[in-house]
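Structure incoming, see below.
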């Protein structure tokens, strides 16, 4: 099955052997957004300014989520993560919250799944915190925007 | 902070007290999609027909992800889940994979976060299985489409 | 697929819906053994009598293992376990260690997987504690010997 | 307590100090079987050929189980696993399913416990998927068949 | 062994059988403190007022810690927690941070271990956030101050 | 925010970047005590001498707790622990149990949080095992007594 390393020659899923790959410094950045009504977003903005910090809770959930990636994604390798940062900003034009997660490691395989897991966990936490006010929120734009440090070279997503 | 039950009167995060709520049968359905290039989707379709079952792996990851919801989302209550089903279908028009996750419980609070976690974990697993072939895939449309069984009544999302 | 409730009509894996089942008191007992050389078993017997308590460590690992069952077995329901006991005895005739795990719950589905997980985790821990002395140990006879409390009635394994 | 490195000089359990050991490439292979009635095995064979993929679900559970080893076995070191493969084949002569799990790491201690945990988790998952059809299945033959890469040299089990 | 329910008649550890106990509403409150130098406490106070919210991070860690109790304490029953609140206040007289954790459930056994785990996890997180500034902080006064709702009646600790 | 590396320049929590730090051998030792009535302590002493081994169970819980540190403490890095030892001794003068936990790693950041988590988990387990006999026990003196191997040099707490 050309291109899909997570299957062996017989099409059986396995965790791919990375033992022959070099230990290098790797970085990945993922992003996502949570779209909501303007009046829901107002609750976020008020909270950040004063109290009831939606973004602070989601940031922490995202950081912790990165550490659970190998528990959640069946064929992911457990990796010694060396950095996680999750930024959340209010975007009145969306309207909603934009999330960017950065993960680093010194390891034998990339950390884009960790970055995606951090971003999606932060996004779901934003949903959880606000769902009493609005049920029609939607998470989207969850993708890798940067990946670097491995054999396959640097990947940068196009700006959208 | 009107509408946000996850904060107390002082704006401090807490896991809201549901001990006074009735134990009722509850259901939630969430959906998401993974958009990809047609040639990447061809790999999925081939795998399902023959071998290298991307959708089967993602389905299982989604089911297991539902059980990890309370570990990931800080203020979620642990719940005795009574059913999880995750459906994944190939959509050539997207092009990509559409995911629908259904979760049931008999409990004191809803399971929409479990359904969202199942859908997003399945979506991330699709990404993981295919990322060797394409890095520009994007997860979107992650939202609740049905929630029923609690005091707040039935919620159904509009068809988009 | 007649008889296999873990698949739906299309053969897709799902966590079966138990929301319509009654909450009843349920019990399951599983057993296993670890076969080893007589001189390895002597180390266990010495440890139990004096110090270096192999069986005590394995007992605790088995009890904790029962609580991780739903994390490990993809389609198992999380259950509020109400009792776990793991007994380990030295059997010079085997020669080796015999393990019996008992689990109870008040729930909507049985606990035989929890009992099996407790027994196998205890067995693997026995292996881990003794592997510096012998690598040829073997775990066997892992099976359910009693299951009661559900709609399908009482099951007792034949004595072997 | 001669030979049992998991206890200190006073017989107290501890996680043994491996900080002075070299980081080397290590591999371990474990095997197990699930014995069942021929008619139960027929359900597996049908499923693999058409739908209701028992072996595919068990394979994934085994791979994920390897990553939970240090959570389950009290004195195991957490290790950066670099490969996991779990093979399951139908054996009509058993009759039942034979399982072989291979785990690799670059670390300071061996991965035989990870391989055993992968094999036993896969075996229990086979049991779980088929238990509606037969309760008298039995897991056996769970043992290490190969271990290599550490200071104690290569170990190969005798063929049985 | 009179009084120690976590051991059977032979002195072997087990998870005690609570299946015969009534499901009742239960509550427990635990407290702890982290003592530190006045200048370290100033960093906390500044952070709460402006940014770098040590107490907010520790509050969330405590809430999530309550949900991990049964994973950490070997003989604890998994319980469907219905509420967790963790309060942290600056006490200039200590000097340090005072922590109070409240946990509720509707279950067959008490939640004092969940409350203690919440308080200790919050305390360790305070330590972690501030350890770059001071290594001599000390956690103390970790105890149960209220427990109610079970057969053994109401317990209230004396004010100290 | 001077001195608090767990916050970035804007005061937002993050997991600090250690990718530029050297991999060195690191050690940390933490201690704690559980104070109890003399008659409660008698139960511990009897158990250790004969059966019902409170200290043995708590020792194992502490060792396993060290491995869960990065799951519990939000901004802790996951680390490949190379050694854990937890000593518990009866102190009639306290009266109570004194706990000392030692953790080692070869990594890019220190293990004092792992040592503190081991000590506190062991302490809470002592509480859990004895709470049927006494509810007024108190955990205190939880602190780091030794930390060595990193760039910031050796730290030894003063004897108290």
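In order of appearance the chains are A, B, C, D, E and F, and numbering begins at 1 in each one.
Criterion: a residue touches a chain if its C-beta (ideal position, glycine included) is under 8 Å from a C-beta of that chain, and two chains touch if they have at least 3 such contacts.
For each chain, UniProt lists the protein as follows: A, B, C, D, E, F = Cyclic pyranopterin monophosphate synthase.
Keep in mind it's a predicted model, so treat the numbers as computed, not measured.
A.B. asks: Match interface A-D to one of A-B, C-D or A-F, accepting only the pair for which over half of the contact pairs are the same residue numbers.
C.D. replies: A-F
A.B. asks: Between B-C and C-D, flag the pair that has more C-beta pairs in contact.
C.D. replies: C-D
A.B. asks: Roughly how far is subunit D from subunit F, going centre to centre by Cα mean, in whole Å?
C.D. replies: Going by mean C-alpha positions, subunit D sits 31 Å from subunit F.
A.B. asks: Compute the distance, rounded to whole Å, between the mean C-alpha positions of subunit E and subunit F.
C.D. replies: Taking the average C-alpha coordinate of subunit E and of subunit F, the gap between them is 15 Å.
A.B. asks: Going by the contact rule already set, what residues in subunit D reach two or more other chains?
C.D. replies: Where subunit D meets two or more other chains at a single residue, that happens at 12-13, 53, 56-57, 60, 64, 68, 71, 74-75, 78, 80.
A.B. asks: State which pairs of chains touch, listing all of them.
C.D. replies: A-B, A-D, A-E, A-F, B-C, B-D, B-E, C-D, C-E, C-F, D-F, E-F
A.B. asks: In their complex, what parts of subunit C are in touch with subunit F?
C.D. replies: Those in contact with subunit F are residues 53, 56-57, 60, 64.
A.B. asks: Going by the contact rule set out above, which residues of subunit E touch subunit B in the complex?
C.D. replies: 25, 56, 59-60, 63-64, 66-68, 78, 80-87, 104-106
A.B. asks: Once bound in the complex, which stretches of subunit D touch subunit F?
C.D. replies: 8, 12-19, 70-71, 74-75, 77-80, 107-108
A.B. asks: Name, in rising order, each residue of subunit C that touches subunit D in their complex.
C.D. replies: Touching subunit D: residues 1-7, 10-13, 32, 43, 46-47, 50-54, 57, 60-61, 64-65, 68, 71-76, 112-113, 116-117, 120-121, 123-125, 127-133, 135-144, 147, 155, 157-158 of subunit C.
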